[in-house]
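Below, each structure is written out as structure tokens.
Both complexes below contain subunit A, partnered by subunit B and then by subunit C.
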Partner chain A sequence: MKMTQQTIEGRAREVAAVLSFFLVLLAPQSRAASTPDERFKKASEAYAAGEFADAVYELREMVNEGNFSAAAFHNLGDAEWKVGRHGHAVLAWERALSLDPFSKNTTANLRFARHNARVDAPQLAWHERYSTALPGGWWIVIASAGLWGGVALLTLPRLLGWRRADWHQGVAAALFAIFLLCGPALFGTWKRSQFGVVLEDDVPLRLTPTREAETLVKVTAGEMARVERERGEYFYVRADGDRAGWVRKADFALVWPR
Partner chain B sequence: MKLRPLAILMLAASPALAVTHGAREFYNEGVTRLGKGELRDAEMALRKAAGADVESVQPLALYNLGHVRFRQGEEMLKGEGNRQQLLDSSVAAMNVAEEAIRSGGHALESDELKAIIAAYMDARAAQKDLRISRDETSRTLGLIGSALERWRRSAGDFHSALELDATNTDAKTNAEVVEQKIEELLKFKKQIEQQSEQVSEEREKVKDMKKKLRGKIPKDMQRESDDEEDDDDDEEKKEPQIGEKQKQRLGSDREVSPDMARWLKETMKRRTMSLGTQQEGEGFRPTEEQRRPSQRKGRDW
Partner chain C sequence: MRRAAFIIVALLCAFGGTVPVTFAQLNLQRADDIAPAASASFLPEETQLGRPATYRVTITASQKPLEPPELASPAGLEVSFAGGSTSTAILNGTPMLNTTFNYNVMAQRTGKFTMPAFEVAVGGGRVRVPGAVLTVVPADPNAAPYQPVRAELELPQRDFFAGESIGGRLLVIETPDESPQFVSHVAKTTGAAVVRPSLRTTREQFTIGGQRHEGLVMPVRVTPILEGDLDLGIQILVSVQKNDSPGQRGFGRAQSTVDAKPARIRVLALPRTGRLPGFTGAIGKFTVAQPKLSATEIEAGEPVTLVIGMVGDGNLEGVAAPEMSTAGGWQIYKPTSEFQPDPEDHNSSRGAKVFTYTLIPSRAGLKATPAMPFCYFDPEKRAYVDITIPPLPINVKPSANAPAPTEPEPAKSETPRAEEQPRNVEPAMTGLVEKPGRWVRSPAPPLREWWLLAAECAPPVLLLALWAWRRRRDWLAANPQIIRRRRAHAAARRALARARAAAHKNDRGEFLRASAGALREAASPLDSARAESLTREDVLRLLNGDAGATAVARTVLDSADASNYSPANGPTFEPRTLLPELERAVQTLARRA
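Let's turn to the complex of A and B:
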């Protein structure tokens, strides 16, 4: 009896071992298989439960898989802020704002973070400010619609043999005007793509793009700077107050990664 | 007409050419200044050349910047004096202090007033020697700190030059030499720091002994100025409070008794003879500037 029992226990152990082996193998796949919605939900639950690091993990995975949205970035920013990674939080909120410039919550969070870190918002040129009125993608759509709509209205009636009407020319002129108005915004959007965020505290801006280069000045987490050049593992950036120097790519991230 | 595209091309390339030109000019200026020994100007020019981000100029500028900073460190160390002499003088001061403590102990045991006073005077002299040694050591430590800062930067510059141009073996050699120099200097720094600690301990011992000896000297034979000297000896002279400052300016309300006047006369004479400084020995006379009341040390009687 005792022997039989042992044999049964032994088999049970074998089966359990095989099962657990397969479970381990399947675990990453099942994790990877979770949909963006599931991840978002998991992250929200983790955030609500005060497990901010888990929320960061889920949202990051989601974003890195290409399933990003303004809401995901906004929540990622909140979670990053809670775990004390202020630079990463500002980056996430900036990304959220670039996707949805109308979000009052994100704007308020950014203002709060900057006030807290005693950092000013970046100084924008007029065309850059103008470009923030709409998400970057919208300007492209509007400009394309304006240009090609105008061209179509001028050419299609002739090609299709329609009778020429005054309104064709009027609408075409309006569409061209819209296209022209999009020009500065597109330029501003492109200029804003040079902005990035300092991720860590006391990051040195160096004289040369080398490991042991002289430190010119230090910048704080959450500060924004404009990338002027790039060489190897370094960006040459210029922050407010004309503070410029080389920064390691690991300590700095572009709002719109290239 | 054919020249127009060329002109446009040159016009477009002019900002880039200007940057290169500026970097080269700064580099040449820096090297010239370095040759002349004008290290500060050389550093400024070479920093500009290195910061101009011209790939052909940057490694060379960094290499020369390393030279400049190494020489700056060397210049700083010229003011430190003989290292062995510094160590020896500290040891000598500590030996004197040990001797003073020992004789103080004997005097206390014997309870003989004459021996106590003699031991007290020795302790005071020893304390003064230790103070001189401490001052000299802290001055040297300051110089070493500044030189180390320059040399570390120099090693960093050589490493950076090497990082940008891996074929620059001179930069590698120089970096190694500078690091070796830094190591040697750190060793010496550690040595004098240890000695400085010992000097501080010894000063505390001497101070304690002085207190004990002073306790044995009758009040009427004590000099108030000794207290002041003890205060001067403390490393961090406490800034007097505003109220105290006011008091000093107004003077204390004590009256000078005939006994005190006699004692003052005696001690002042004794002080000039026994503990006179070199200036006093040579017939030091205060200048008009030094005679001003604000410059006076001690109390108004």
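Let's turn to the complex of A and C:
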């Protein structure tokens, strides 16, 4: 009888342990179970209530989980600006604009941020400006469609034994022209992938990629610079006015993370 | 007569005594007869540990300048060259040089140090420099340690702006042991700035950190180039006089290299906001004198000179001339400028600059020169100050040679309209986006995604596959016997499979039908007829040369015919025994096809 009692107690402990284990397993799942849409809504409500830090937290968590949208980045930029993290705000708006270059609101916010932070918009080459007309992914799709569509129109009638028509060549020429027009945009898109944003104020650009290196010049939060090299925890960046130096990766973020 | 003889004798004696003495005094020897000589000594000959001494080598009567000799210093004695000097004397019309070389000497321990004798090449021969002894005694515990001269860069205590001309002082401080005599060289060691020392140095008393000092003061001008925190380091080469004991001037002189304590300053970028039109880099405090025109009444096409004087304290030397608008009927040539530094101190930031413009009116009727936007940045107020040059009244008459038509004056309206200011809309932040929109996996375009590469490879792969298919199709169309052979082989394999199944079931009738079909199908590519049209003789002919295969084919075909035409006389053989030979016969036919 005594043994039976001990067995029952032992079983009860085992069951409790198994239940606790599953509860622990389920706990993060239930927290992560909120969808990106729900998080977005929650962040918007927090922002509307003046809880900007909460809005930043929700939106950053959402982004960290790999859920990106132009609207999420736009709102994240708004919230970051409200909590005074101007560099992070510019970064979020730049990312929003790369996803949706047609957004007038995001463009206006970037203009507002640069006016207030007294920094200039980055000087873009002509092909880089050209590439901003459409999202980067669109250029790839259009260029692919232009090239392979043209090739298909020239080769398929022969391969499939279709009757050749004049319009085949006309449309193929047009598609090849579209492909050629996409070339500079693709190059510009690739070059724009080197752009990043200074996240903090008075970030030193150093002579060498070391903590104790001589400071050449300091850059302001929200300034954009081009990454030219990378070594360890440092990027070698070049800002407008030919100001160049090594910057810590913690103080600088690429608009298009690698 | 005797008196005269006495006077002559007395004069001769006087001359006989004084002339040799005079010649001896004048040292009227031949220059070639004077041999070079050398001496060496320590100054002082006895010193305390921790206090420097001077080792001096003097070489006389050399005819050419000498190089300082390299010394083999005894152990425990640090010796460094501290400059030399040369004096010239003329002996019998030949210049002779006396050269002195000084070396700083610092003992590492007490004791006697002997600088050994050595030889120096002088002219064609060698001169022996004698040895010298320095006695180093223990330091006086009550005496202060030896203090060399030091230097400090004194700059105003405020933030500066990149491009600003900052006036400062380089202070070379005298110590009880060393007194600076003059600064021979100034060099910048660290910091992104341009340093311009003054040529004039004064001996003054000054205060550093609440303590009064005496020393040399050299005005310097510093122009930072980049913004940021700047550590400005300066190194000077100074000639010092060493005191025998603290406060007591000695005769030892040496050159010392002194590093000034780095001066840390904060350099800001010029503010972008509030920048007025016509900023050409002027930073400081300036005033513009009344502009002067060379004439107030000219003809169209006749040049007139406009002179603008600018006076003040700042980076005036590097200020570019403001640009004048070419609109309004004036042709304006590139201006010239002339900088005049402060006559009392050429190194001060004060000065005057004169810009001279040459203007030519292109038509008559012009009443004033164009206005010229101009401003400077005041670093103390941290604001831009407008010093726009106003239009100057002038009367432009038609040219006497080619009268230019006057521009008709615009009709005066009854109610003059106030000039509209261009609207300047301040940017504002927009609100939140209400809908999240489409979710994507990355904010970056898929330039480095693997699936993009796969998608880009798909069309060429598809087109290549299509091309290969087309080629094969065309090839088969050009070679129909291949299709026929393949079909015949396939049909033979199917018939043979049926024959095997029938053999397993011991179904003789089906075995014969399937076997005959397999033979005919296998033989059909070798003949132009279809398989079902081939006769027994056709098949046997095609198997010609293979006796075993011919025998089994004959058996099968005969039995099949017999079975077809007289079912009562059914075959008597065992199908399983025929099957291997049948398979070999079919393979033989297939190979021949």
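The rule is short, and it goes like this: the second predicted complex is superposed on the first by the 230 of 258 C-alpha atoms of A that agree within 3 Å, B and C clash if a C-alpha of one lies under 4 Å from a C-alpha of the other, contacts with A are read in each partner's own complex, and residues count from 1 in each chain.
In the analysis below, a residue touches a chain if its C-beta (ideal position, glycine included) is under 8 Å from a C-beta of that chain, and two chains touch if they have at least 3 such contacts.
Values in this document were obtained by computation on a predicted structure and should not be read as measured data.
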Fit or clash - subunit C, subunit B, common subunit A: clash
First (subunit B), second (subunit C), both or neither touched by A:174: neither
Touching partner for A:118 - first (subunit B), second (subunit C), both, neither: second
First, second, both or neither for A:229, with subunit B first and subunit C second: first
Contacts of A:154 with subunit B and subunit C, given as first, second, both or neither: neither
Touching partner for A:210 - first (subunit B), second (subunit C), both, neither: first
Contact breadth on subunit A, by residue count: subunit C or subunit B: C
Against subunit C, colliding segment of subunit B, chosen among 5-13, 131-139, 167-175 or 275-283: 131-139
Set intersection of subunit A contacts, subunit C complex versus subunit B complex: 214
Residue numbers on subunit A that touch subunit B, as the complex places them: 207-214, 229, 231, 236
Sites on subunit A touched by subunit C in the complex: 36-37, 40, 44, 47-48, 66-75, 78, 81, 95, 98-100, 105-106, 108-109, 111-113, 115, 118, 120, 135-137, 139-140, 144, 148, 151-152, 155-156, 158-160, 189-190, 193, 204, 214-218, 255-258
Partner subunit A, residues of subunit C touching it in the complex: 190, 192, 226-229, 271-273, 426-448, 452, 455-456, 459-460, 463, 466-467, 469-470
Contact set on subunit B toward subunit A in their complex: 47, 50-51, 53, 58, 62, 153, 155-157, 159-160, 163-164
